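Below you'll find the structures, each written out as structure tokens.
Shared between the two complexes below is chain A, which has chain B as its partner in the first and chain C in the second.
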Partner chain A sequence: MIQILIRYSTLLFLTLLVLAFMSFSLAYLFPGDPLENLTGLVPQNEMQREALTRQFKLDGPYLIQFFHYVENMLAGNWGYSFTSGLPLREEVGIALPATIELATYAMLMALFIGIPLGYYAGMRCYSTSDHVINSTSITTYSFPVFWFALLLILIFSLQLDSAPLSGRISLLYDIEPITGFIIVDILLSELANKPLALKDAFSHLALPTLAIGAITTASMIRITRRSVIDVKHRPYIAAAVSRGLSSWQIFFRHILRNALLPILPLMAIQITTLITNAMIVETLFSWPGIGNWLIQAIYQRDYPALRVGMMAVSTVVITLTILVDLFNRLIDPSREKYERATV
Partner chain B sequence: MPQFSLYDEEFHPSPWQRTWLSFKSSHIAMVGLAMLGLFVIFSVFAPILTPYTAIEQNIDGLLLPPSWLPNGSISHIFGTDALGRDLFTLIIYGCRITLGSAFVTVVLAMLVGVSIGTIAGMLRGLRSSIVNHLLDALMAIPTLLIAIIIVAILGTGLVNSMWAITLALIPQFVHHTRSFVRAEMKKEYIVASKLDGANKWQLFFHSILPNMIEMLVVQGTLALSIAVIDISALGFLNLGAQASQPELGVILADGLDVAYLAPWNVAVPGMAIFLLVLSINIVGDGLRSALRKRVSH
Partner chain C sequence: MPMLDIKNLTLEMESGDASIKALDKVNLSVSSGEIRALVGESGSGKSLIVSAICGALPSQWNLTADRMSWNGENLLSMSVQQRREVMRREIAVVFQNPQSSLDPSATLGEQLEESIPDEFVEGSWFWQRAQHRKKIAISTVHKVGIKYHKHYLSAYPHQIPADIGQKFMIAMALVSQPKLLIADDPTRGMEPTTKTQILKLFTRLNQTRSLSILFVSHDLLAIASMAHSMTVLYAGQTVEAGKMKHIKKRPLHPYTKALLDSAPSFRKDLPPKSHLPTLGGSIPTLQHLPIGCRLGPRCPRAQRACVQTPAMRKIHDHSYSCHYPLHMEKP
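Right after this comes the complex of A and B.
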């Protein structure tokens, strides 16, 4: 147990170090001056440039520069944006939680709709209801997320006028960002009409969550269904049947938990797709998240923002992936044995 | 002369024939294959099949509605866009670019992924652990992020977005190849080859690779559908193909400007991407269940 924890924390540390190095080298790979790319400050004259170079230790060898860069990142000096001139840490601090919030709700939707439907389809495999669920999920899975979001906007926002088109919350409500998660912020705030604000926030959330969640749900259904069918063909299920257990007993005692095991590592892969989809959908709904922010940054060639954004998003995704992997390994001893045998 | 009752006509289907037979028995899979075939024919023979060229503008007919609407004409089946280009022609050329670049991307990713995966699968000890875990973790970076970084370094363009998607597709090939190679290395026939004195190179090419091809085909179709979606998404976000290239995502983004006036400019390209991805997914699914049926029987 402790050995596993140590191994995974080393892995996390090493990966983050590689990421930091990639982010540092981006300053040199991007077009333009590495000093400007690294700090986001544009020196007005030679003296200022020299001072900045000395301050950021850019005159030293690359290794020293890199250590100084990591030090700065840890201390929270992430540089400034070219376009807004604001400290990047603040901007990321506002944008990143918005994306995580969206992705979390979509993931919850996938878990609470996708997994039960997948179990249902798997238990009734090759029946009519299974075929209906399976074909619906293949169809949904094939939707390009940007087109799906556009269709939702066309139908619900423009035709039916039942959901707002863009943003996180109506401008009528002045919500102080404390945690960055809009629902939590509303609950924490001292607003007079909290229920109204909550309702407004939910109506803003509905369409983007649906757009991202539907596709994740579809793949979750497919993964779960496959896993349940695989488990159903195992010898221990045949043994349970021959012992005379009812199908409900078999489901609850044997299938339910065993089918969940292969789902977890696949969920880790889903996180990447989920964040990509969230980033695309954000641009369509003008959701003030990190995806929208990064896409604006690339349109305006805001290199410091891209460097920091890349670091922030990949840190979140990789930490989550490694955590899911670790969790998976802790609850699944058979996997651990397999890994030990090969490592 | 003794009379043997030999049954000459006995038919022993080869593994591929058996896969094809069980694939054929699923009607949905066949419909998907026909749709995919249609798309492939469209994209290969685009210049012959289209009535106009991709950049030909009909100044007298801007935003003509599709032929099934009262005002539409049969000379433009799907209508025209804001520049007077024939939408049907654009879509066919779009399929050509999107499907073609997705295919190239997948083949590249497969080559690189299989090589890395094999090396990672055959390695032992600490080296294998480091390679595997670090690769796993680093490859979790989202596609869009890789694309944004590559666009920032190299600039926009279809080829640059293809590089980004290749990078993003490699991990799943690495992953599957690695676990496949690991599982195969423990089987008897590999041990037998080893005892015959085969080196690792020979083991891979003569023993493992032939068994891996089916897995690669299935993974390839999966990757192809992801690549089509990603290429069109990057085109849609103006990070991939540029407006001069009729790529399905770019056509959709162009149509978005006139979505109120001419909704078919959004509906038709989106539908084309959707059907393309759907047909690839159906074929992939059919292939997978056919292979599964063959292995389990």
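Right after this comes the complex of A and C.
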């Protein structure tokens, strides 16, 4: 157990170190002055430049520079944005939770709709209801996410006028960001008309969540269905049938858990797709998340922001992936044999 | 009257546009208190028959039979509920491959305890019942010759050696006190000592509890020592069936003779370092089954009539299906 934890933390640490190195090298790879790319500060004269160079140890060898860079990152000193001039840590601190919030709701939608539907389709495999569920999920899965989101905007926002077009919450409500999750923040806030604010936040959330969630749900249905069908044809299910167990007993005691085990690592792979989709959809819905923020940074050639944004997003993805895999590892008894942590 | 009576069991599989008869008019019966051996090469359909009896065949395969009855009740036409009840209490199966027939994500103890029928468990509160279940599980495990129940009941299937797995399968089959035990190659991969133990256990259960056993195997030595009667299967057809001692002494079908000859323990006259007599060729694949008698191409006595499937003929309770049986030449 402790050995497993140590292995996974080593894996996480090393991966993050490699990521930090890549983000550091971006300062040199981007066009322009590495000093400016790294700090986001534009020195006004030579004296200031020398002072900054000394402060960030850019006069030393690359290794020293890199260690200093990691030190700065850990201390929360991430540099400043070219465009806004604000500390990047604050900007990411507001944008990243918004994306995570969106992705979380989409993931919850996938879990609570996708997995039960997948189980249902798998248990009734090759029946009409299975074919309906399966073909719907394949169709949904094949939608490009930006097109699907545009379609939702077209139908629900423009034609039916039942959902707001963009943003996170109406400007009427002033929500203090505490956790960065809008729903939690509203609940924590001292607002007079919380129910109204909640309703408004939900109507803003509905379309982007649906756009991202539909595709994740579709892939979840397909993964679950396949896994259930695989498990159903294993000899131990036939053995359980021959022992005269009822179909409920067989489902709950033997199929449920065994089908869930291969789903979890595939879910970890889905996280990457989910975050990418979230970033695309954010741009369409002007959701103030990290994707939207990064796209703006690209337009503005805000190199420090790109460097930090890449680091932040990949850290989230890697950490989640490793955590899911660790969890899977801990609950699966038959994986004791594999000593090394893998993702 | 036999307990399990199967007549003309045919299993058809659709493969592309052709349908393959994996089992072709198989006859099999097990009487009460009898040990019946089902013998045949690998791929002759022994395990398919076992799956057909316990209803674990995929539904896209077409199973038909003139008669397939359990104590006079038709197994094919009874409701799912009834069928499950029969499987739960009266017929128990030990499958061929213990490692894959055990749920990898549950401990052996859990799996054994769930096979105990509720009627056997005493106590009115759930903790009493759980305790009693555990007690039954431990005593059953001891009965099949597993000593360290503490270690093995909490182990997962991948942590145990194959012979313990096989013994667990037997324990799971016996815990419901069935009337018929179907053992699909139960001693495969076991050491000779454990094998003897298991065979002795079967014989003892047969004698003391009058448990009928359908013993599926190709271990002729084990079969000859314990079985009362035998059914020989070749490529999905029954070739010969009858009392063990009759078949051993005077096999009528050329295949049975070849099978018996290939076991050195039955040949006292075999000189040292001589070749074991075998039939040329190997068992045909399901896609390329010969017409008529499926032994045809390999049979030393085959003649023109063998392209017609021979009908089952019967002398007393010794039945065979061959146009040119041994020991029956007309003078």
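Methods note: the second predicted complex is superposed on the first by the 337 of 343 C-alpha atoms of A that agree within 3 Å, B and C clash if a C-alpha of one lies under 4 Å from a C-alpha of the other, contacts with A are read in each partner's own complex, and residues count from 1 in each chain.
The definition used in the following text is that a contact is a pair of C-beta atoms (placed from the backbone, for glycine too) under 8 Å apart; a residue touches a chain by one contact, two chains touch by 3 or more.
Because the structure is a prediction, the values reported are computed rather than measured.
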Partners on chain A (chain B, chain C) - clash or fit: fit
Residue contacts on chain A - larger count, chain B or chain C: B
Chain B, chain C and vertex chain A (Cα centres) - angle in steps of 10°: 70
Chain B versus chain C as contact partner of A:Arg301, first or second or both or neither: first
First (chain B), second (chain C), both or neither touched by A:Ile318: first
Which of chain B and chain C A:Gly289 touches, first, second, both or neither: neither
Which of chain B and chain C A:Ile275 touches, first, second, both or neither: first
Which superposed partner A:Arg253 touches (first chain B, second chain C, both, neither): second
Partner chain in contact with A:Thr139 - chain B first, chain C second, else both or neither: first
Least C-alpha distance (whole Å) that remains between chain C and chain B when both complexes are overlaid: 7
Chain A residues contacted in one complex by chain B, in the other by chain C: none
Interface residues, chain A side, partner chain C - complex: 233-236, 238-246, 249, 253-254, 257-258, 261, 332-334, 337
In the complex with chain A, residue positions of chain C that touch it: 51, 54-56, 58, 84-89, 92-93, 95, 97, 100-106, 110, 114-115, 156, 158, 169, 172-173, 176
Touch list for chain B against partner chain A, complex: 28, 124-126, 128-129, 133-134, 136-138, 140-145, 148-149, 151-153, 172, 182, 225, 229, 232-233, 236-239, 249, 252, 256, 259, 263, 266, 270, 273-274, 277-278, 281-282, 285
Footprint of chain B on chain A - complex, ascending: 11-12, 14-15, 18-19, 26, 29-31, 135, 138-139, 141-147, 150-151, 154, 268-269, 271-273, 275-276, 279-280, 283, 291, 294-295, 298-299, 301, 303, 306, 309-310, 313-314, 317-318, 321-322, 325, 342-343
